[in-house]
Structure formats: structure tokens, C-alpha cells
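I have a structure I would like to understand better, so I am pasting it below and will then ask my questions one at a time.
As written, the chain order gives the labels A, B, C, D, E and F, with residue 1 at the start of each chain.
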Amino acid sequence: MENLEYERLAWALLYGHIAIIVIGGFITVLSQNLVRALVGLIMTLFGVAGLFFLMAAPFIALMQILIYVGAVSVLIFFAIMLTSAWPGGDESGTISVRKIIFAGLAAIAPAIFLGMAAILKPPPSFLIPDEIEVGILGRFFLEDFILPFELISLLLTVAMAGAVVLAFEMRRKK
Amino acid sequence: MAQENQDLIRPFADTATDEPIINQAPVQKILNICRAMSLWPMTFGLACCAIEMMSFGMARFDSARFGAEVFRPSPRQSDLIIVAGTISRKMAPLVVRLYEQTPAPKWVIAMGNCAISGGPFVYKNQYGIVEGVDLIIPVDVYIPGCPPRPEGLLEGLFQVQKKLTGRRWWPLPEQARTSDK
Amino acid sequence: MNLDLRLDTSGDFYARKFQPTKREDTLILNMGPQHPSTHGVLRIILEIDGEYILRAEPVLGYIHRMHEKMAEVMSYPQYLPNPARTDYLHGLAWNWAHVAAVERLMGLEVPERAEYIRVITCELNRITSHLLWWGAYLLDLGAFTPIMYAFDDRERIQDILQRITGSRLTYCYYRFGGVSNDIDDRFIEETRKQCSRMKPRFKMFKDLVTDNFILRKRVEEIGEIPADTCRKYGATGPVLRGSGVPYDVRRAEPYSVYDRFDFNIPSYDTCDAMGRYLVRMDEMQESIKIIEQALDTLPEGDYIMPKAPKKPKPPAGDVYFALEGARGKIGFHLVSDGDKSPYRLKLRAPGFSNLSLFSEVSEGVLIADAVSILGSLDLVIP
Amino acid sequence: MIEAIPTQFIIIFVGLLAVMAFVGLNAIVLVYLERKVAGFIHRRPGPYEVGPPCFPHGILQPFADGLKLVGKQLFTPRGADSILFWLAPMISIAPAIVCFIVIPFGPHLQIVNTNVGLVLILAFTGINVLALCLAGWASQNKYGLIGAARDISQGVAYEIPLLLVVLSVVFMTGTFNLFDIADGQGAWPWQWYIFYQPLAFIIFFICALAETNRNPFDLPEAESELTAGFHTEYSGMGFACFFLAEYAYMVVASCIIAILFLGGFQGPVLPGGWWFLAKVYVLLLIMIWIRWTFPRVRFDQLLNICWKWLIPLAVLNLLITLAVIAI
Amino acid sequence: MSVMTIYHLVAIFLLCIGIFGIAYRRTLIGIVLSIELILNGAGLSIMASAQLTPAPNELGQVGTLLVMGIAAAEATLLLAIFLVVSRRFKNVEAGKLITMRG
Amino acid sequence: MIVKSLRETMLGMWSLLVGMKVTAVNFKSTQITVHYPREVVHSLEGYRGHIELVPSDEDPYKPKCIACNNCVRICPSACISLTAIKPKKKAAEKTEAPDSADEVKTKGKKEAPAKKAKPELESFVCDYNYCCLCGLCVQSCPTGALRYSSNVYLAGFTRQEFVLDLLSRLQNQAQKKEQ
């Protein structure tokens, strides 16, 4: 009995998060105002974080919030403010129908293939995932996945350096 | 002169007060008492009286005792506009704008003779002074003096509280004992 | 008189005239007239790039009170209360300037005791003015507590002054030929007490603020004004002395009885906000020195000339009288045509000259520094 | 899937309500405390007269302020993005409340004991930056915009040493579980981590001040420079929300410091909850004391402190910690 | 339909709407927002595949973390690039950046 | 260089602690606040408030004023207006308190000082709204009929409240004193 209630709750949560993701996605893509689009993206990010939670990976969910919401979207916000702080510089204005059609086609094509693949050929799966310790994850990173880990560190460092170099070039031009 | 000042008056159409969300008498009364006890003034000094306005917030007279020490720099967060000083014609539109920027339950104190009437700066052929802030924005309480002492401003604060709640909350200064400070 | 009060987001006359430069993505920021750090009614239009100020232009006149015009309408004694309202922080100096200008024009001989009283009260007033500046400046820099301590002392001095002058702020104490009230023993005693009280206070101020690491970083090497620039703009007072020029009217062209006292003219050649800060802090101590000397040597006698003119009518002619106010050189240029009111009066307000520096100094600094510089100039916009 | 749901769903719900009450109460106490402490430092009584004689010393002052703010007109400035404008205060206050559900207030006083508690708090406090940016941007006010830009730079910069310092503590304990971290320390002060990691404590404290926008790092709302910074245009409840959020984050920061460095609920004699409360309030008092003593730092100095001092020191601290652990 | 399919469908939705956004948006920042959506979809898909199948869970989590790291790096770089672009071209609309020389 | 900057920073940190000590000392010291409505400051003596009439020695209901108009003429803000009747004339038109400064000014000029018989004061109005508290009127008074009040607690809802009819105030004060 209790389990049934919990299962219902779980489904409700699942669909709730999916709804958030869908709404957020549409806001992100269709909003005329870039900051609102960013808020839509944040909605989506929270929804995805919620799905991670439901998949029993709270650490990844929190990392999603920490990295995406706390860092990436703040950076994008910064970019919006620095490039087009005032109305007119963003996405206002009409967009041609042709463009919408092409964009829609571009989006639907993979949707059909992948969607069919996902529905018709589902791999074996189960309902209840395991939660793993953060420590195990860390050990995994440092033992088995040391190369990707180092690579991503390198990538981040290079990106930082590149950003700094670009920013300095900008300042010099002043 | 009075005729010219008429030009400065404009209908306060932009500052239409919203209907209160809760409009029950006892609730309103409690809310009014709360408002009276936390009048946040705006950091808005115009001239000499502003210095006395500072004294009013400082340790000796300490407006904090009556919940009025939170001087907010932004008009959006303040309740009380203390017009402390002479209003020149150049400043007048800005005073009006500040008044309009302040959200609805708001009160205005005209502090000092300049704000009340132009004070010592009223003379023949005078060209730059608005003769009284009440010509441009509605004033609730007047405090005369040039400048008034901080006690006067405190009395003005009490008057605003009286206007809000219908009673004076503090004893009269006549019965006060003399402090050694 | 047609004042258009409609809300206009494109800015008013000044902001429109202040065209942005060719550079893109700069922001025109309107600081004031109602802004906590412009102290009342100064307005500064800034063009900023990020946090850096590209150009700054002060807009004056939000408290234009027609002091000069007023003098032409009113008779000499009727004008007595007004100079103190020109610079409401150091009112007595302005009061003195007016009185002394008329006295000089009429050739009146002021009794010695009156001169001493003038010196004492004026110096006390200078201390209150500097104290207020000190507090307000630190308020600009984000420290809230010092102004409270400054007002503690300020209130005490104001009490002392109020007993004899009758007001706290806008004094109307000096009269043609003397002062309006004699000082008594209680005044002398209280002043002495206050002087000795101030000395440990300065130590406390130093501990709390002057030595503070954060404050030093905020004022050192900020707003450097070379002595040349000061001369160009006619800056005087602590601003000039903070740039290493020990020019003080009290010493350069001694008026009244200042030549009898032994005091230093503090000056710092760092030229920055710290220099101006230290000059004012030292000046308060020098003022205390002057007051103590004056109290020691206070002569007996009249406090006002026996036959002081009630309604002076100075002979035709003009006179210029300058003295050292808390903010710099105060000048009164009085032209009389022999009537009961001046023909023309020109006031030299030190704040005006000092403010004109701001535009040049604040180019290329951060907004926070601009606030610091503005505060260190110690402006009272007349 | 079924197991994936936290089994104490109801507990969380009730806990959230309790936390909201706690946050509100705390804000009221803190506002009163702040004004009173400021008053005493200035040699004046602070709030004193408000309230009937049975509530002396102005204890009712914060209530009056709160109710007044509720009764103020809500004002959406012209040209502002009204949805985002009112969304921002809510985004600001909500994560603060979430943070409280994983904090162990006492040995048995914790709503959710999760293995990722510390990460949760770090993740959710980061959202505040976003809220303040939204507030500054949406109000179409230049002061607000500058305040928002300052807040982003400040928030992003100070997050880094904060994380590094937290990591060095986590390496010592080997867990993100706040309860375990607190439990791992002994009852006596020399068993607390402040004793092993004094540098980390100082860095964390400075970063906490910066993250909660407290003086001397209150640049996004620098009163004398930007009038009121990002909340210049907020009136009534919007302002109150930011106010509440600021105090809530202060409490969160103090709680984290107390748990990470001061032994959390550990302490001799008294029951744990009281110790925790005492530690948190001592930290809050120090924050208030600092606020009323120092001037504000400048913006570039703020970033210099972070990049030139705190981050190298934090890295150093981390390396030393690792070395000690390895040995 | 199994739960994993639902997750996958959500991931596909994110991918599609991201692609749509890339084509539809005019400004570079809008395009970055869309790319973030796609990356999220990828992360979700990886997570679901690892957690809900017999595949090792760590693999999925590590993969997602790597995706996040890439997203962060990309955002940092793009921010700097946008600043330069906006300074040189005075706008950040993709359609108007037609010259190759700055 | 590094050592120097480190040393500087350390000294700076120490200075911060010193500052905190100062505030802590002040936290403990006694307060200087005057709890105003319950107690008043000790030093109101000498303060120039608005002016009041001084009663004559023989009759506390009668002012010392001889209606010489000196104060009216000297007042920079033209805030005093007084009317007087000569004792012989019976019916003098009653004037009300003037509203604006212009009116006051003209009135002040119209009323020629009666020189021959000792005139009796009929009304003495000080429009405190214009006063600048310079004290010239008190000093110019030949009979010492004016004094400063130390009533600094004025505040009201209208500005008309501060158009002070000093004569009736004098009578009220005399009445109070009798009681």
C-alpha cells in the first residue's frame, strides 16, 4: 500500500519534472527576450537535475545545479549584459516563416529517427537504480578514468587561459 | 509670485494609491501603528537643515529609538520624505519626482522655514526659490525653525505618528526631566 | 516660468548636452541630485565604461539661493544672518567675512576682546565642520560608525557655541564692531574641558580609522591633485594644503589677531585623498592649540565697540576681505555706493573652485574612487 | 524508482515549514540584534521605545518593520520586465530555505541526513548570485545593473576559494555528510577543525562575508556609490525578501562555519542544539561587529584580495592538507 | 514503455529543441543557450543509460560530469569570444557577422 | 618585495583588529543619548527660539512694547507685523494675521510709528515661517520688550499654526503664571 503511494508520487514527480523541462525548453528557444530565455534554460536545468535525483544520483544533480546554474548560466548572463544590456540588442523583431520551417525540419528529422529507435528498440532496463557513494565515484575518476579527468582539467585550464587572453586583447584595443 | 508657483503644481495623477489588499478596520489600525513605528526616512538633504537631520539620526537624539533610523537612499524603500532645506526652482521637479517614486503609504515633513515657506530667502525680486514645498507636493507635517533643533524634528516625527494613529504615543516634553548629557 | 515636469527618460537638458563619445557601450550615469554621496544637491553626470569613469561633469545650481542678489536688496544688518547659510558648516567664518569686510570699508576698530572671541568661536566652528566632514567622508567610504563618534564631539561643541551665539548651525553672532554677546567664565571653562577631551578622541579616531588598512587602501594614491592643478583651478584650503602648498590665509595675510598665535600649517605633499584627510585631522588639533592660546591670553574689555553702528552706511568704495574657512579661502568683495545696502557683493565660495577640480581628477577612476575624491574635496555647494 | 524517493517525504514537508518559520524568526532576531549592536557601538540605545511597556527595549521593532513592509505599495518600475522583476526576490529567498533542511542543528535535529549535504548547500547558495543579477537587470536601472555586474564578479570569484577550502576539510573527513563532519569532531575546542585548519577558517570566513554581501564586501548594494545597488527599485515585499534572504544566507554561512570548523553541535555539558545555536550566534555577532567597524573595500581591491591572496592561500592550504593526509 | 524510454524521449526532446533553437535564434547567445540544451539532453541520456541498465553506474556519472566540464569550458570561452565579437562588430547577431576580418 | 607586502598585509590585519577593539570599547561605554520625550537636553539656555513679548513690570498682561516698529524695520525676513492704537482713538480697525510676506511688508511700512502719545499695542504677530532666528529684533528693541523663547518643540499640521500672535501668547502665559 505504502509502496503504491510512493510509486504514484514518483510518477507524479517524474512527469512534473518533464513538464518543467519541456516548458523551460520552449521558453529558452522561443522567448524574444534573452534573459527570459536564460530563465527558461535554468528551468530546464532544474528539471534535469530533478530527473538525476529521481535516478538516485543526487551528487550529479547537485553538481548540475552547482556548475550549470551557479556558473554557466551566470556566465551567460554576464555575456548578455555585456553585449546587449538593453532592449533592441536581443531577439526582438519578426523572424521569417521560411526560417521557422527549416528550423523545424532540422529539429524533427533526428527526432523521428532517435525517437523511433528509443521506442521500438528499448534496451533492457530496470526501474530501481542504485545509489553509489561519492567516494567510489572519486576513486573511479582517479583510477580508471584518469586520462579523461586530466583532459577535462586541461580543457578547463586552456579555456580559462583563452578567455583571459581574449579579454586582454579586448582591453588592449581600447 | 504666487501665480508663478501655480505652474509648478501639477495633479498627482501618477501616484494613484492602490486599493489596500486588506481593508478591514482593525487590521488597518494595526498596520497603521506598525507604519507609524517604522518610518524610514529618505537620505535626502537639501541644505542647512540636512545637517540637523543628520543630528537627529545620530547618537545624541537617536531616531532609532522610534524606529526611524533606517535612512534609505532609494525612494522606493522609504516612507518618509524629510524635505530639509531650500528648494530651488531647479530642484523642484526632482522633489516632485522623488515624491512620485516613493511607494504609496508615504509622508512628507517640511523641515525648516525654507521648506515651509521659502523662509529667509523670500524677498522682493527673488527668482530662484519655491516658496514652500507644499506648493509642489502635499505636506503632512511642518516643522518651523531655521534650522529647527533635532527635538523639533523628533516632534515632527511624533506628529506624523499622531496623524497615522490618532494619538500621541510619547509623553510631552514639558514633564521631562533634564538630562545631564 | 515653464517647468516641464513630465518624466523624461531621455534625460534632461544636461544629460542630452552631455553627448556620449564615439566609443560604444559606455553608460551615462546620473549621480544625484539625490544621491547619498553627493551630500545634498550636487549632480554629477558620469560617462562610465564598466566601472571606470571616462568623463564626469558636475551640474551645479540645485541650491542656488541668490545670496549675492540678496545683499543688494537688503541693508547691511539685514544681510547679517545670510552668509552663515552660504556655507552652513562653517557659518561663523562667513559671518566674520561679511562683518570684517564692512568694518574694513568703514575703518572701524574692533575691540581686542571681540577679536579674541571671534577667533575662539570661529576655530570651534572649524572643528565642528571638520568633524562633520570626517564622519560624512567615512560614511561615503562605507563606514557608518565614525560619524556617530564625530557627532558626539560636534554636539558638545555646538552646545558650547549655542550658549553664547544662540544657534547651533546658522550662526548670526558677529556684529559690525564686535560680537553680539560676551563670553563668560562658563564658556571658557567648558571650552577648555572640551579641548582636553578632544585630545584622547583624536587618538581613538586614529586607531579606528586613520590606521585602518581598508581605509588607507581607499584613500592613498587616490585622486592625486598636483599643486599646479590646484593653482590653475584656484583651489584653496585643505585641498591645496593636501597638495603640499602650505598656503593658509591665517598665515599668509594674517587678519584679526591670528598673528599672535603659534600654530602650524599642516601640509602633505602626497597630493592624494590621504593628504587632504590628514590635513584636516591635523587642522583640528591646530585649532585646539589656537583656542587654548586664545583662552590663555584673552584680554578684558568691550566685546563690541561702544559706538558700534546699528545701521552702517559705509562710504562709497570697494573692499576685498578674505579669510580662511574650513573649506578654503572665503572672499567677500563688497562694492558700496554709500547707500544702506551694498551696490554689489561678490562671494568667493571655496567649494566652487574646489569642485571644478573634480571633473579633471575623476577621469579614468573607478566610481568608488570618484566618491572618495568627491568626499575628500569636502564640498558645500553654495 | 520507488526507493529513489526520499522516504521521509512528509518529514521534509513539515521540516520545510519549520525551516521557514525558523528563517523568519531568525531574520527578526537578527534585525533586532543588528540594530541593537550597532546602537551600542555608537553609544546609543538603538530601537528602544516601540512597543507597549510589557515589551521594553523596542523588541517589537522588527515586527513593526515587517508588517509595514507588507503593507507597502508594490511598485513595478516603467520599462522593467515585470515577470523577472518579481521572480528575482523569490529566487533569492527559496534556495536559502532549502539549505536549512540538511543542516544538523543538533544530534537529533536534522530534517534530512544526506551524504551530499555540503554539496547541496554550496549548489543552492550559488543560486543567490543569479537572483541578484536578475533583480538588477530586470529593474532597468543603471545602478541596479552595475550592482548586478558587481555581484556576478564577486560571486564567481569568491566561490572558488570557498570550494577549495571546503575541499580541504572534506579531504580530512572524507565525507560530504554534514552530520558526519560535525560528529567527527570532539567536544572540546582543541578537537575542532579550526584548530587543525586555522587558515581555512579565516579564508572561509572572509569568503562567507563576501558571498553574503556583508560589509566590508557589500559592494552590490554599496549605499554611497550605487544608492541601493541591485534592489534600488524594489519596494515593500520585494525589498523585504532580499532582506530576509540576506539574513538567511548569513545564518547558513554561520551554520556551515560552525559545522566545518567549530564542531557543530559538539560541546561539553550542554545539549547539542544549544551549542550549535550559541556558536552560530557568536559568528553572527562577529559579522555584525565587523560590519559596523570597517569601511567598504573598493571593487578592484575586492577582486584582488580574492585572486591574489585567497585563492593561492586556499590552494596552498589544500596541498598542505593533502600532504599531511598522505603522510 | 519503460521508464528509461521516457528519459530517452526527454533527452531527444532536448536535442531537437536545441537544434531548432540553433537554427532559429539570431544572436550568438541564443545559440549558446540552445547548445546548453543539447548538452543537457546528452547528459540526461548518458545518465539514464547507465543508471537504469546493468552498465556500471559510475560510468554514467563520470560521463555526465565530463559533459558538464565541457559545458563550463565552452561557456567560459564563448563569453570571451562574444565580448570580442560584440566589440568588433557592435552586435552579436549571427547573420550579420559576414566578414572574416575583424 | 614579497616579504614587504606580506608584512604590510599583516600590519593591516592588525590595524583591523585594533579598529574592532575601539568599537568594542565603545560598545561597553555609557550611552550619550538623551531620551528626548522623557528627558530634555540640559543646554537649551541661550538658544534663540522664536521671539516672545516681555511683560511690563507693573502688569503681567501688558507688554513692554511701545510699538516703535524698530523690529519690523530691521527684520531681514519681514516676519514681524504689529499694529498699535493710540490711547485716545477708540475704534481701530482690527487686522488679522497676514498670510504672505508681501502683505506683511506693506503693512509694516504703512504703520507709521506713533511718536507722541504712548501707543498701545493692539496686535503683535510673528510669522515664524519666515523667521531666520538672527536675533536682530531683540537687539534692536529699545525697551527690551522682546525675548527669545526656548520652545524648540514646534511641529504642526499646517503652517498657519506658526503665525504666532505674541500678544495673546503673553496673556496666556500670564494667566498660567497666576494659576
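One rule holds in what follows: a residue touches a chain if its C-beta (ideal position, glycine included) is under 8 Å from a C-beta of that chain, and two chains touch if they have at least 3 such contacts.
Everything numeric in this text was worked out from a predicted model, so none of it was measured.
Undergrad: Sort out for me whether C-D or D-F is joined by the greater number of C-beta contact pairs.
TA: Result of the comparison of D-F and C-D: C-D.
Undergrad: Among the chains here, which has the CA centroid at the largest distance from subunit F's centroid?
TA: E
Undergrad: Using mean CA coordinates as chain centres, what's the subunit E-subunit F distance in Å?
TA: Once rounded, the distance between the two centres reads 74 Å.
Undergrad: Distance-wise, how many Å sit between the C-alpha centres of subunit C and subunit E, to the nearest whole number?
TA: 61
Undergrad: Could you grab the centroid distance between subunit A and subunit D? Build each centroid from C-alpha atoms only and quote it in angstrom.
TA: 27
Undergrad: Find the geometric centre of each of subunit A and subunit F from their Cα atoms only, then give the gap between the two centres in Å, rounded to an integer.
TA: Centre-to-centre distance between subunit A and subunit F: 71 Å.
Undergrad: Which subunit F residues reach two or more other chains?
TA: 9, 16, 19, 22-23, 26, 31-33, 35, 41, 47, 76, 132-133 - these are the residues of subunit F that touch more than one other chain.
Undergrad: Which residues of subunit D are in contact with two or more other chains?
TA: Those would be 1, 41-45, 48, 145, 149, 223-224, 227, 292-294.
Undergrad: Where in subunit A do residues touch two or more of the other chains?
TA: Correct list: 55-56, 59, 63, 71, 75, 78, 82, 127, 129.
Undergrad: Tell me, which parts of subunit B touch subunit C in their complex?
TA: 4, 7-8, 10, 14, 42-48, 50-52, 54-55, 58-60, 73, 75, 85-86, 88-94, 96-98, 120-121, 123-129, 146-147, 149
Undergrad: In the complex formed with subunit F, which residues of subunit B make contact?
TA: For this pair, the touching residues of subunit B are 1-2, 59-62, 65, 110, 113, 116-120, 122-124, 132, 134, 140-146, 148-149, 151-156, 158-159, 163, 170-173, 176-181.
Undergrad: Taking the touch rule as given, give the residues of subunit A at its contact with subunit D in the complex, in rising order.
TA: Touching subunit D: residues 3, 6-7, 9-10, 13, 33, 35-36, 39, 42, 53-56, 58-59, 62-63, 65-66, 69-71, 73-75, 77-78, 81, 85, 127-129, 131, 133-135 of subunit A.
Undergrad: Using the touch definition up top, name the residues of subunit C that touch subunit B in the complex.
TA: So the residues of subunit C touching subunit B come out as 1-5, 7, 33-36, 39-41, 61-66, 69-70, 73-74, 81-82, 85, 88-89, 132, 136, 147-148, 151-152, 154-155, 168-170.
Undergrad: Applying the document's contact rule, which stretches of subunit E touch subunit A when the two form their complex?
TA: Residues of subunit E touching subunit A: 1-10, 12-21, 23-27, 29-30, 32-34, 36-37, 40, 43-44, 47-49, 51-54, 57-58, 60-62, 64-66, 68-87, 91-92.
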